[in-house]
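Structure first, commentary second.
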Amino acid sequence: MKYAYYPGCSLKSSGRAYEESFLAVCKILGLEMEELDNWNCCGATSFMSIEQGPAYTCSVRNLALAEKKNMDLVAPCGGCYGVLLKADHYYADYPAVRNSVDKGLAAEGLQYRRQIQIRHPMELLTHDPGLKAIRSLVKRPLKGLRVASYYGCRFLRPVAPFDDMRHPQTMDSLMKTVGARIADYASRGRCCGGALAGSIPKMAQELTYRLIKDAQKAEADVIVTGCPLCQFNLDAFQDEIIASHPDVKPIPVFFFTQLLGLALGAEPEELGIQRLIVPGIKILQEKGILGDKKADEKKVPVAAGAQNG
Amino acid sequence: MSTKPKVGFYWCASCGGCEESFVDVAEAILDLAQLVEFAIFPVAMDFKRQDVEALDDGEIFATMINGAIRTSEQEEMCHLLRRKSQVIIAYGSCAYSGGIPALANLVSKEALMKYVYEDAPTVVNPDHARPQTETLDQGRMATLPEIREMVRSLDQVIEVDYSIPGCAPNPKLVLAALQTLLSGERPPKGAVLAPNVALCANCPRIDTKPRELSVKAFKRPHLHEVDPDTCLLAQGFLCMGPATRSGCGEACIRGNMPCTGCYGPVDGILDQGAKILTSLASLVEAHDEAGIDHAMEAIVDPVGSFYRYGMAKSLLRRKIDLPTPVAR
Amino acid sequence: MVSDNSHNPAEEVRIGFFICHCGVNIASKIDVAEVAKFAETLPGVVVSRDYKYMCSDAGQDLIVEDIKNFRLNRIVVAACSPFLHEKTFRTATQRGGINPFLCHMVNIREHGSWVAEDRVTATEKAKAMAQGGVGRVRRHVALEKRREPVLQSVLVVGGGIAGIQAALTLANAGKHVYLVEREPTIGGHMAQFDKTFPTLDCAACILTPKMSEVGSHPNITLWAYSEVIHSEGYVGNYKVKVRRKARYINEDECTGCMECVEHCSFKTGVVDDEFNVGLVKRKPVYMSFPQAVPKIVVIDPLTCAKLSGGKCEESCIPACDRQALDFTQTERVEEIEVGAIIVATGFKTFDAKRKPYYGYGDFPNVYTSLEIERMVTSSGPTEGEVVCRDGRVPKSVGIVHCVGSRDHQTNRWCSRVCCMASLKLAYLLKEHTGAEIYNFYIDMRTPGKGYEEFYERLLEEGNHFIRGRVAEVTDFAMRPEEENHLIIQVEDTLSGYVRRVPVDMVVLAVGIEPQADASVVRRLFNISCSDEGFFLERHPKLAPVSTATEGVYLAGCCQGPRDIPDTVAQAGAAAAEALALLDPGFVEMEPMTAYVENELCSGCKTCQTMCPYGAISNDAERKIAVINPMLCKGCGTCVASCPSGAIHQNLFDDQELFDEIQEVLAHA
Amino acid sequence: MPDTYQPRILAFFCNWCTYTAADLAGVSRMKYAPTTRVVRVMCSGRIDPQFILSAFAKGADGVLIGGCHPGDCHYLEGNVKCLRRFRILQRMLVDLGIEPERIRLEWISASEGGKLKEVINAMSADLVRLGPLNLPDALRSFDAEVLKEETEAEVQELVTIP
Amino acid sequence: MATLEREIRFESDRDPEFAAQIRRMPGCENLNRCIQCATCSGICPLSTYMDMTPRRVIQLARDGFKADVLNCNTIWLCASCYQCQVECPKEIGITDVMYALKCKAIEAGIKPKQAAPQTLYREFYNLGTKNGRISEGALMVNTVIKTQPARFWSLKMLGLRLLRTGRFGWKIERMPQQSVLKAAIQATPPINGKESS
């Protein structure tokens, strides 16, 4: 099956690893992604805060492009996914939105009839190949790795088509499917402050701190996420956070597709694991998921220690 | 030695009226004398303590003791008579319930002595002399009985078999009682040998008492003319007939005076004063405190009025903040 | 010494003592096991137990079983108030095979654990109370309840919606009802309303059919313009006197055609129209409103020129083709006998003048909610047109909630209906005038089916809701735009601003108060009032429509503020209680009557002055007092007054009380 | 027991008003001094002055009577009848050495749980100030001064008439 | 000496049309339903930093106190996490109200005290509408220089790391045919809640 792939801006720069790992996983699972021609920025929260007419037009334009190709649109970026989904809903619900958007799209000869679905990889992988298929392809189970799934805001709010708004599970199921243990913690859907990371870092980092703290209280070894903004926010500022909150330790923040890819046998480099700011390789070696000559020698005691932990 | 049953009389703290009243049986005493021998009879014949001690225990068939108990001598004599008598009858209000002497339970012994020996207007006692229980005079010890802190009824000192209340008792009751006892009949122990019903039952004026009586204000009999035929309560006089045992022959009522309660309450009443109080208060018409107080104004001394004869036998027995008697 | 006549000394007293934990209600403050252990040492106690819930079936069975197993003949239950469970445990005692009155309850919850600070003293107090109960129950004797016939008719006092509902329920069940209403018509406050919340049904549409049904029901004797002036008797057998004021109209002849009103020599109204709360004037001869029941005019003697002794053309007399006018009529007093009484005397609204800062009476455009009710009614004095007193249609209206309510200076309670009534008026005012509506509220209280939804609807429709108690209504303008307006000053606690809101019209949502003569009515029927002055129910949860006086029930706002649905429900409940009383045909009376021990009675008549019910008479022959047990209600006043101790009272005899006093004090 | 002196108040409460008020105080979880021992009567008019004297004689430090407010009596005027007895009784008790604070008559309606609490607390405080009355001990000791010659058994034997 | 002043709000301080305008914005139609329960303020992760809690913003917006709400920092601190919106018992689109208020503030030319978020949004919007895509490097550098120049150098290390890991570049991202987007935006009528729209 073929999908319209909408990378969004982040997957081309700060979230490159997400694109790399997602596409690698798709390849292994036989999902064909065709990047949408001439896609444009979804508008994120910024457009919405400045001018709402163009904001909706920009979002819906991408949907219309996919619809023209008669393909479901896959938006791995949590922000993009949320914005596109909301735009789709509001386009349906509010005549004012529809009126503006229709006129805007008409300038390019486009129209939108809500004939396609907006998909997120998290949900796409769970349903289209299915968990069973994924399990059957696992080459490198994530045994012993305790994973805290961080969902962030945008898969869940204001609409959550595929998961429980207050206690989401999709990512956990995927991680369990590939052999990881789950760190259950309440903050999994709380705001990481990413929207303020670039403007009021102090506040953003306070929120991020709470998430990391909560995940570590649940004895998480790593955090996984499905949003480049969340990943960046959780990953990039740990130095600063730890400087002001010494009670948290550095913790690698993966894209869930990276761990998925690893389990399905892809190599770390293909998945962009080297791109993390807080390095992720070490913990994977410690847990014996990734081979390492030095680690191989110490494998037994490390594994025992990890089990004890 | 006569074989007739011996009968005794004895006097404690009393006016002597009880024995005097016995004489009111008049000729009937002669019939009685046929049946009994008077062993001791203070009002009629002299005797000494040794005479009593000389009697065998239980030799006296029945002794009628009148008067309240206030002194050590009275106690000793009562105990002695108890030993010598088969039946003890508390005779008259003082023996039965303390009587007038028991009103002294509202003052302390010290206050009493001080008044009698120092403060009374007729007393000249510059040395503040007081009677002593023992006085050595010319080498000889003279003794006087000790006065107790409080006045008691007879049954608070010795076991009493029967009582005949009254101030003074109706002599007919005594006669009837003796006749009953002599016939061998024994009323239940502790019985009051007088009718167990209140005086109103026999009051000659009862029919003049309205069905719903209400009194605006009680009156004192010496300040008002008393109608000789109408219910005294209906006239507003403080008559204790409703709360007083009958048997007296309604002498006071017939003498145009309200009942003062000398026969004590009927059986089952724990406190005559309380019952007089409640029955009188029930008649008051007023609905508010001022009106009620006004109605009761004429009762200047409620304790003295309601417990004129019954202080010693009342629930509280005496003014409670007086010095407590010292144990001997 | 005191003689003991009250129980058979030959019978060995065998007491069972049962103490209840009441979950933690008692057990948390009283060491029940210790009290049970202590009770075991008391003379006569054969078995002593504690149990989690004595009132449960299992707890009651414990008593039943123990009576059989231990041959118990007296029961003491230390638990809650006898008001709650005396009946329960007497029944259990009876199930055990002994007379129910051989059971006594000791109240260690309401009087014990719930008022205690510490466990040690509470436990000691409980022991003392237990000892008192054990001491008294020894004296208990077997007693029988006595049955008395119940009259099959009911008096309903008050013809508002509560009285109407109760009367119809009873009448439909086949009981005869006397419905007494003080005003010339039934209908009460509800008849004055335009719409009812939250459904906005027209009040008249739902009320007037019921009113006519009352007027024509064969089982209902409707006496409007009448007042109960005296009541005596007891449950099942009340004697009531009703004063029927003179209408100066032959009720049988009047058809309500109103020709007499038309032809009254006063061409216009001369006195404030009560039904329209003074918004208009009425004539001396009038009918409150066209749908009045009974549909009979009434002449007000104070203003009628003829009746007040003035000059009059008497044009009304010939106007009536049925010669119904009767200026010689005088008031009558009817005497009736009923088995039960339902008091549904309603409420009055708070007098807004008592809050002078709100300007009622000073500013013409400050109205009470009741005035607005009349104004928005299409059949009202303005035919539904909402206009200020100066004739302007208001462009903005401020509705002040909680006027007089929730205020220690006036009425402490929440009047319960004002929030919804205000919302309703907000809706109607907006509908009638299109004005901006500002609601000033302290808390929005909308508990009821569809009420919160109604509030939300008003919110969505753009009514303003300003949370804050209005400080004052003033005409002092601080800004040009405030000129010629009433300015409502308030802190909006939600925005945090002190605000001045200029409006054209102010509506004061006046609260609900007891009727001015509630205390007279209370004494008439021998019932109590709660602190606020509303009639007191026997138990707020278990007996909410009953009163302490058996056979007297409550319905509607006389018992406390409530809205129409609750009133109707409560009226139904009161009717059901009355039916439950009437239907068996008899009532069982507590046997706590007094009786005379003939031999002791001296016939002093003291007791006879005491009895409030004339139950004591004098036997002329025996010259003693005789008590009629049918009339005796068991107050015991005669017993206390008897100077001979000749009167005894079942369940409260001297000996029982002396022993209780002694024993309750014996425990240090 | 706490070290502090806890007076004992015998409380006669009428069934309809004050007893109910005491129930209300309980239901409202008002805390008050644990000094009262309640004897329920149907009406304050039932209270015989003998009960009050008996209460003192049996060890009460104070007696509290609670009835309906005047005009509210369930039996029309039982409370007024109680008041009539009370006025003269209190006067009499003063003459017998019992302080007026030891006997109180209060009108407490069914809704006045708060008043009940206040009254009990105030009366308890008064009684703490006055100290114990302790009549049972006093009554026992009254007879300490009299002669005791024979034992009861001996007397019994003597008075037995053949 | 500092004086404490609290102004009385008069009816003339209100814009009676304001609430209606907001309610016509997408997601804001339930604004009036608010019962001031303050769930929004309680759940908001950032409310402690706000000069007005979201609840109060809703109240003032509803009452038409336009100047007050458009000048508060609350609307700019809102991180669009939608937590309030999801939990609101009256289903008020609180986040959408915040968007609407931000738009209104921008429309009114209000420069907030806490300017950084608005600056970021503007940078983002300008880049996004001009190039069709966001060049994250440019956006970050521009925003940091404009809003927190002091922090610029402290972010040097992070910048280097990002460069090293290939997550940060100077390349300006552009969609292949920007003109179509520009045309679409130009053809889009504004959504501003004004009745004519």
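Every chain is named by a letter (A, B, C, D and E) in the order it is written, and numbering of its residues begins at 1.
Throughout what follows, a residue touches a chain if its C-beta (ideal position, glycine included) is under 8 Å from a C-beta of that chain, and two chains touch if they have at least 3 such contacts.
Fair warning: this is a prediction, and the values are worked out from it, not measured in the lab.
Steps from chain B to chain E, taking the shortest chain of touch contacts, total 2. When the partners of chain B are compared with those of chain C, the chains appearing in both lists are D. The greatest number of inter-chain C-beta pairs in contact is found between A-E. Using CA-based centroids throughout, the chain positioned farthest away from chain A is B. Here the CA centre of chain D is 76 Å from the CA centre of chain E. Measuring from the averaged C-alpha position of chain A to that of chain B gives a distance of 110 Å. If you average the Cα atoms of chain A and of chain C, the two centres end up 66 Å apart.
One simple way to say how far apart two chains are is to compare their mean CA positions; for chain A and chain E this gives 24 Å.
Multi-chain contact residues of chain C (touching two or more other chains) are listed as 610, 640-641, 654, 658.
Counting only residues that touch two or more partner chains, chain B has 269-270, 275, 278, 282. In chain E, no position touches at least two other chains.
Of all possible chain pairs, those that touch are A-E, B-C, B-D, C-D, C-E.
The touching residues of chain C, when paired with chain B in their complex, are 1-3, 599-606, 608-610, 618, 623, 640-645, 654, 658. Those residues of chain B that touch chain C in the complex are listed here as 190, 196-201, 206, 209-214, 241-243, 246, 265-270, 275-276, 278-279, 282-283.
Listing the residues of chain A that touch chain E in their complex gives 9-10, 12-17, 37-41, 43-54, 56-58, 61, 90, 93-94, 96-97, 99-101, 103-108, 110, 153, 156-158, 165, 190-191, 193-196, 198-201, 203-204, 207, 232, 236-237, 239, 274-277.
Note for the complex: chain E touches chain C at residues 6-12, 16, 19-20, 30, 32-36, 55-56, 59-60, 63, 65, 68, 90. For chain D in complex with chain C, the residues that touch the partner chain are 1-2, 6, 8, 10, 16-17, 20, 22-23, 25-27, 29-32, 34, 36-43, 45-48, 50-51, 54-55, 58-60, 68, 71-72, 74-78, 81, 85, 109-112, 117.
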